[in-house]
Structure formats: C-alpha cells, structure tokens
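Two complexes come next, and they have one chain in common, subunit A, joined by subunit B in the first and subunit C in the second.
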Partner chain A sequence: MIEFKDFTFTYPTGRPAPALRSITMTVRPGTICGVVGADGSGKTTLAAVVSGVSPHLTGGEFSGSVEVCGRPVAGTPMAELATSVGLVRQDPFSQISGARFTVREELAFGLENLAVERDVMRHRVEHVMADVGLSELADRSPYELSGGQQQRLAIGSVLAMRPAVIVLDEPTSQLDAEGSRRVFGILDALKERGVAVLVMEHRLELLARSADQVVVLEDGAVAADGPTREVLGDPRLPEWGVGPLQYTTAARRAAEHGLWDESRPLPVTLETAADGFHQVTHRIPIPAGDQP
Partner chain B sequence: MILSIDSLTYAYANGTPALNGVTFQVAAGERVAVVGSNGAGKSTLARHLVGIERPTSGTVEVEGRRTDELSIAELARSVGFVFQNPHDQLHARTVAKAVEFGPRNLGFTAEQRARACEWALRVTGLTHHAQDHPHHLSFGQRKRVALASVLAMDTPLVVLDEPTTGQDHRSLALLGSLLGELAEEGRTVIAVTHDMEFCVQHFERVIVLERGRVRWDGTVEQWLAADATALPADGSRDDAAERSGPPTDLERPQLTRLARELGWSAPVATVDAFLSELRERTPSVPAN
Partner chain C sequence: MSILAVSDTSPIHRLNPVTKLVFAFSVTVCGFAHTSALWPLALLLLVLLPAIVYAGALRRFTQLLALFSAPVVVALFLVQGFFYPGAERVIAALGPARLSYEGLIFAAQTALHIMVLVASFLFLLLTTSPSRLMSAMTQRGMSPKIVYVISAALQIGPAFAARAQRILQAQQAHGLVIRGLRGRVRALVPLAGPLILGAFTEIGDRAAAMETRAFGVTRRPTSLSGPLPDSTGQRVARAVMILCAAAAVAVNVWGVIR
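Showing the complex of A and B:
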C-alpha cells in the first residue's frame, strides 16, 4: 500500500518551485497504478519519494505525508525501507552496483546485503533470471549488456528482493515490443501476488492492458486519478501534455462523422477499438429517405 | 552517396556475430529509419558510422572516405552521433556549455559557435534551460541536450540512437518538426529505433535489421503495403507471404494493427488513412 496525503516536496537545489504539490493518492496492494505526465511533471520525483531516495538521499523540504506499508517514508531508515519497497530507476546503467562481475552476482547483490541464506538466494536468483529472460547471459558482465538487457537486469535486481511495493520509472523505455510485454507480464504476476505496483510509463497501450488505475501528473500536481479506461479516454489528455492513444483519437474523429457509436466509451485498447469499428462497418444500411 | 556500407560484418571478441553482411547506401538529404528488435544489431551498426566500432570485414564509407582510415576526430566533422543514453555524452555544468563543447572542439569561431548553439537550443526547445545544470533536468530533457550538442556541430550526417526514448508527447512533436527542418537544410538523418509509430510518421525510408542482416529496405509506403498484403483479408496466415513480406516481430503502429484486426488488407498507419478507409467500408452513412 502506498498512501500520499497532501504531500508537497521541494528539492534543495535547482528550481525553487515544488517538484510535487499537494499530492493525495493511494495505490492498494494487488493493483497496478500507472503514472503519466509530460517531461518534468514530477513522475521521477514521485518514484524517488515512494522509495525514500527523496528526501533521504537528495535532501529537500516537504509537508504532508507518504506512507508505504503503513510506515512513514521520511521517518523510516533507508535500510528498513529497502525490505518493503523496490525502485527500478529510469536509467538502468545508474542502477548497476559496479561491485559485482556477472549478471548472476549482480542479481544476488541486494540479497547478500540482507544476509539471505545461500540456498534461498541461489534459488531466487535463478528464478528471477528466468523471469526477466537473462538466464543465457548469467555469466556476462553487467556492463557488456545492451540498454534493453540492462533494463531487465535492473528490474530483476529489485524483484529478487521480493518487495511488497515496487516502483518502476519508465521500465520499458529501451525495450522493444516483446521485451515491454514481458515486463508488463511480470507486473501482472506481481499484482496477482498482492504487490502494489506504481509504474511511470509513456506508452499508454501497455497501461491500457494492465493498469487498474492511472494518475496524470501536471506540473507536480495530480490532474486526474481514476480507473484506467476513464483517464486514458479523457479528452483533456493533450492539455496535460500526454498524447492520447491512436485508437482513441481515431474513434473521436470518427464520431464527428457519425462513424462511431457514441453510446460506446472511447476505446483505449485494440480489442475495444476493433469491436466498435466492426460494428460500424457491419451496421445495417439506412436508406437516405427513411432517416428520421 | 553520403553513406555507403558494403558487406559489413562485425563480430564481438568472443566471435558472436552482431552484423552479418550488411549492405546499403544512403543519399544526401534522405531520412532513414533503421528498425529492428533489441539485439538485431542496430546500435552496433550506428556505432560503425561514427568509428566507435571498426568492421571485422567489409567497409563503411562516409562522404566517400572509409571510416576505418579516419580518426574519430576527423569523422566528427561529417557525422554527429546522439547516444541512446544521455549520460554517455553530457559532462558540462550548464546546458549551454554542453552544447558549445563540440563546436569549440571543431574550431568554430566565436560567432559561428554562438549562431550554432542558439539554433540548436531553439530547435530542441531548450533555450530557457541554457543556464541549467544538465543533472537538474529530466531524462527526456537531458536526451534533448545531447541532441542539441550534436546538432550544433553542423555535420552533414546526423545519427540518432533510439531518439524517442523518454520523450513525451510535446517532445515527440518537436523531434518530428526538427527532422523536417533538418531535411529542408539538406542534412541526412539516420535514426536507429524500435518505434514503428515514430518511423512511419517521420521517415521516408525504412531498413529492417534482423539478427545482424538487412531483412527489408524500402519506402515506408512500400513497407506498409507489403505488410498489409502479407496477411490475407480473411485473417488466415499465408506462410509464403509471411516469409516474403516484411518482418513481423516489430510492433506495428496502433492503427496498422487495428486495420489488420478488422481484416482490412489496406496500408493504414495514420488517423487520416484509417478514417478514409473506414468511410469506404461503411455502408450508406446517414447524413448526420
């Protein structure tokens, strides 16, 4: 569980304006919450705050509260937070420990620091390696991996810790379609296990399939927060600096020409778009003279 | 030809081939997207264009000169390379200094430098961030600083490695119009990407790499047409067509997938193309 209550945060350096403003939102266990917003809208700061990186490591002024698994983030030491919340940073390169020589050792690094028993550790590492598709690269140096592979390594390192809350900042930015679906497949499985997942993601199509809830950030504040279909289909999305799905745009434009049944919600997935447009192209022709 | 690649093969130190007999040419002023899945060899190919990697066999020529016979400094006057990760190329304390670094190294006069930097910051939407520290910017903004620092060097060939990574809605639009602007100036742009949505909107030619080989090379329209006919309208799979058609492991643009899902064998990738196809396929539309 992640709970923000009227949380405002300002970094100690850089721009004096708050990076997050009066954030109130909740992510429940066993759900996936997607966060979208323009560049600089506060997505990365939000991730840093949930994981304790801010204010613990960056410093900064805050008011209000953020609780993870019932514990206030600001008042809980990082070492303790690390057992309940995992952060996958946007730039996977910066997440490599630099202290280990192979992918397998890198995946075990966090567990070693928690003094997890050797057999348990070995079992978990092999399991996670398979989950993120890195088994074949187990003995490679983390620095020899491609950007996409490093991204999967970063995700694996966090999964190995089995946190109750996981935060992923643009986890698919360097992955192709197959790799991205795999990551979201992992998130779906985490959700089933009761993990609270918070994911910053530009690609709305991935959120449309997996997220239960979507939050839009604009200039550090929550502009929208609700069920995925409602938020992603919201016509104000472009005003918030977020590009709508092509399915949604096509349906909205089609509706202007009577080519979309307006009693249907605007589609945010391939399946709902195909259903809606199939209905349009297969409707019974209305002879011009019979129109009311 | 500004770029000529002939039978380029590259193997890692352990013998694994990353590129296997890649051959293609690019004329000055072309906008080319090199697409493929992770591990297809895209980044390795891009790194050959700037001389960071040297061919195991075969040749890469930029402006008629073999890249393995030029120093990286010499090549830098011809090819600008924007890395996938901005931290690979940002070391200065302000955005303005980062952007000025390349032109200064190339020996631009103060006046040339000022003009090049002012332009590069403007077209990347960073003018009001000129005095910011790159580390205080978001990942997407830092990527644009890296892009600006390369554009300021005024090279005839610009190579972009995954330019859409971490870019939001507005930045993507900015990047799109920037590509148009570069084309008008006659500069050649080669982007390495797995983002087909971006590719069909902003590029004229697409080269598909698959496991280190060129699997497809043609215009975007040809790619879409071949892709649409590779799958028969009734949705049944034709294995022969599938093999001869463009590769299918790339994520197609959303509306291309929607058209396929609806069983349309028409090349559709944009909202306008989708709507005109929809109109044709809809029986007698009521006036209102």
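Showing the complex of A and C:
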C-alpha cells in the first residue's frame, strides 16, 4: 500500500517551486494505479519519492508524509525500502548494475543482495526471463541488448525481487506494441497476486484496459483521482495536458449527433466503444435501398 | 577484441578462480623479485607460456600481450636506450641522444618485468569467467562493495562502448556524417564531451539503481553460480605458490640488506 498525505516536495537545485504539491492519494494492494500528466507535471518525481530515491539520494525539502507498506519513506534507508518497493525507471541503460556480465546474472543481482537461496533464485530468474521474453538472451551481456530489450531487463530485474509495491516510470517508452501488451499483461498478473502497482504511462489505451485507478498530475498537484473510466472520460483531460482517448473523442462527437446513448458512460477501451456503437447502430433503421 | 573469458574450454578454465588469482599474483611477485632479465624471461617462457598453451588461448594472449606491452616497451627502449644516465658503453650517438649498452640492458630488464605482470593478469582474465571470479571473491568474504568496484572496472569497456554508440547515433541523427578514417578521428571530438560528462551524470542514476536493488542490505549476499569447485590439490598449490612468492620477496630483501 502507498499512502501520500498532504505531501509537498521541493528539489534542492533548479526552480524553487515544489515539484510535488499537497499530494494526497492512496494505492491499495492488488490494484493498478496509472499516473498521467503533461511533461514536467511531476510523474517522475512521484516515482522517485515512492522508491525513496527522493529525498534519500536527490536531497530536497518535504512536508507531509509518504508511507509504503506502513513504513515512512523518508525515515527508512533505501536499501531497506528495496525489500518492499521495486522501481523501474525511464532510462533502462542507467539501471544496468554494471556488476554482472550476463542477462541471467543481472536478473539475479537483486536476489543475491537479498540473500535469497540459490535454488529459489534460479527458479525465479528462469521464470522472469520467460515472462519478459529474454530467455533466448540469457547469456548475452546486458550492454549488448537493444533499448527495448534493456527495458524488459530492467522490468524483469525488479519483478524477480517480488516486492509488495512496484513503481514503473514510462515502462513502455522503448517497447513495441507487442512488448507493451506483454508488460501490461505482467502487471495484470501482479495485481492478481496482491501487488500494488503505480505506473506512469502516457499510452492511455494501455492504462484504460488494466488500471483500476488513474491520477492526473498537473504542475505537481493532483488534478483528478478516481476510477479509470471516470478520469479518462473526463472532458477536462486536454486542459491538464493529457491527450484524450480516441474512443472517448469519437463517442463524444457521436453523441453530439445523437449517435451515442447518453445514458452510457463514454468508452475508454475499444471493447466498450464497439459495444456502445453496436447498440446505437442496431437502433437505426437501415434505408430500404441499402438492405441486402 | 574481448579481454574476458567466455566459456570453460579447458581444465585450466575450470580451476577455482582463486587458484588462478594466486598464481597471477605469485608469478608477478616472483618476476619482480630479481633484477636480472633472465628471471622474468624464464617465468614467461617456462611457466606462463605453457599454461596459456594448455588453456588454448595462445592466439588471443599473444595479440593482447603485444597490444598492452608494445607502447610501454617501445617507450622504455627509446628513453632508457638513448638517455640512460651515466652510460659508459655508447653504441651509437645521434646528437645529444646516445644509444648505450647499459640503457638497452636496463630497458630489456624493465620491459620483461612489465611483460610478466601483464602476462600474468592476461592469463587470469583469459581463462577465468569474470562472474566466477567475482563469485569466488564474494564467497571468500570479500566486501560486496570492493567486488562491485572490480567487476564494474572489468565492464568499463563494454559500458563505454555502448554509451558511445548511443551518443554517436544521436549525433548522426542530427546530421553528423562519419566517413573514412579522418571522419572517425574528427567524430572523436564531439563524442568525448558527452561521453565523459554522461558518465559523471550517470553515477547518480547508477547509485539509485543499486540502492533500489537492495545493494548493501547484507554483507553476505548469496550467489547464483553457487559454490565453486575446489580440491585439496588446488589448496596445496595455492599454499605452495604463496610460499614461493614470500620466498622471492625474502631473497630480494636479503639481497638489498646484504
């Protein structure tokens, strides 16, 4: 569980304005919370705070509190936090430990540090390699991988540690459509296992399918926080610097012409959009000349 | 050309990494124990060379030894050969530079000592998987932080190459054209700045990556590779090699005192 209570954070260098302002939000175990917002809205800082990178490594001033699994982030050493929080950062290259020589060893690095038994470690590493699609590259150097493969390695390295909370900052930024679907498939499985997942993601379609809750950040503050369908269907999304979903836009325009049932919520996934349009098109009589 | 061993291809590769580490240290210490040129030459030809041949790594060993030693050896022969202080037996004179017999002998002695040092550690690196070496050090109780520093140093080449590749690709996407040898040399200038500065800024990210993966939580981390094979024979061999190195140091000290 992640719990922010009126949390404000300011970096020690750069602009004096807080990077996060009066954040109050909760991510419960067994749920996926998506965080969206324009560039510079504070998504990466939010990820850094949950994992303890800020303020432990970056420094900075804060007020309010953040607790992860009941432990205050600011008062818990980072290495200790790592036993319950996993962080996947935006740039996978900088997440390679530099201490291991193959993909397999890189995946085991965190487990070795947690003194996990060898047999358990081997089992988990093989399992995670299959999950993230790196089994074929097990003996390659992490530095020989492509950007997308390194991103999958970074995700796998965190998954192997099986933390209770996983934070992913733009995990699909270097992945193709198949890779992105695979990552969100893994997140769905983690959710089933009771893991609290916080994911900063700009591909709204992916969030719409998997997230239970979406938080919109605007200039470091929470602009909206609620169930996925409610938040992603909010007409103010463009004002907050977040491009609306194509399905929502299409349904809204259709509604203007009486081609969408106003009693139905706006769709945020392909399936709900197709259902809604299907219902409407079946109500419209087909002109006699067009009938087969 | 990779300097790191990739697979277990010979009985020497399969030896416990600590045995090979002790071997490399002992041969180096013994090589430096006597000023004579014959002593390091004998170690090179009678100890290191057979071991390398048996390991099946002669080709890469020769190439890498030449690559690492040649600049030092050439510099030594030029500086010591021509400018050896107090030289009496001058072979040839070229203005103020005088090629002397004493200078050449000194250069040969020093070069051979350095070659023994380089060859010993090339033997270690070419016949030992770095992962196994690091695991062996951790299992022997060495601090994980020191082991990390050593393994990061061994990976500095691939890491720099990967970073340089990323920077070059970005620069080429912005219109940098690299054609021919001159183009490559010219591309080094805009590459150097971001490469070095990038390495510095990456330190913070790397530290964060290490911390979030529980580095330092325990002083006794486990190892994926498990216990490494060892034997009574290897333990005895290590003890003998350490004794040989100690004896070489003792002989050297005795020679100085006397």
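Before moving on, here are some points about what is shown:
Basically, the second predicted complex is superposed on the first by the 283 of 292 C-alpha atoms of A that agree within 3 Å, B and C clash if a C-alpha of one lies under 4 Å from a C-alpha of the other, contacts with A are read in each partner's own complex, and residues count from 1 in each chain.
Methods note: a residue touches a chain if its C-beta (ideal position, glycine included) is under 8 Å from a C-beta of that chain, and two chains touch if they have at least 3 such contacts.
The model shown is predicted, which means the values in this text are computed figures rather than measured ones.
Overlap between subunit B and subunit C is detected when the two structures are superposed via subunit A. When the two structures are aligned on the shared chain, A:239 is found in touch with neither subunit B nor subunit C.
Contact with subunit B, but none with subunit C, is seen for A:146 once the two complexes are overlaid on the shared chain. By the document's definition of touching, of the two partners only subunit C reaches A:118; subunit B does not. Applying the stated contact rule after C-alpha superposition, one finds that A:6 touches neither subunit B nor subunit C.
Legend: residue contacts after superposition of the two complexes on their common chain; A:176 is shown touching subunit B, with no touch to subunit C.
By the touch criterion defined above, A:93 reaches both subunit B and subunit C. With both structures placed on the common chain, the touch criterion links A:61 to neither subunit B nor subunit C. By the touch criterion defined above, A:270 reaches subunit B but does not reach subunit C. Of the two partner chains placed by the overlay, neither subunit B nor subunit C lies in contact with A:188. One listed stretch of subunit B collides with subunit C once both complexes sit on chain A; from 3-11, 75-83, 93-101 or 237-245, that stretch is 75-83.
On subunit A, the surface touched by subunit B in one complex and the surface touched by subunit C in the other have residues 91, 93-94 in common. Within the complex formed with subunit A, the residues of subunit C that make contact are 4, 129-131, 134, 144, 147-148, 151-152, 155, 158-159, 161-163, 166, 202, 204-218, 220-224, 226. Residues of subunit A that touch subunit C in their complex: 51-53, 56-58, 78-83, 85-87, 89, 91, 93-102, 104-105, 108-118, 121-122, 125, 141, 143-144, 157-158, 161. On the subunit A side of its complex with subunit B, the touching residues are 13-15, 37-40, 44, 90-91, 93-94, 146-149, 170, 173-179, 202, 205, 238, 241-243, 245-247, 249-250, 253-254, 257-259, 270-271, 273-274, 277-278, 280-281, 283-288, 291. Per the touch definition, subunit B reaches subunit A in the complex via residues 37-39, 43, 84-85, 87, 132-133, 136-141, 162, 165-172, 194, 197, 249-251, 253-255, 257-258, 261-262, 271, 274-275, 278-279, 281-288.
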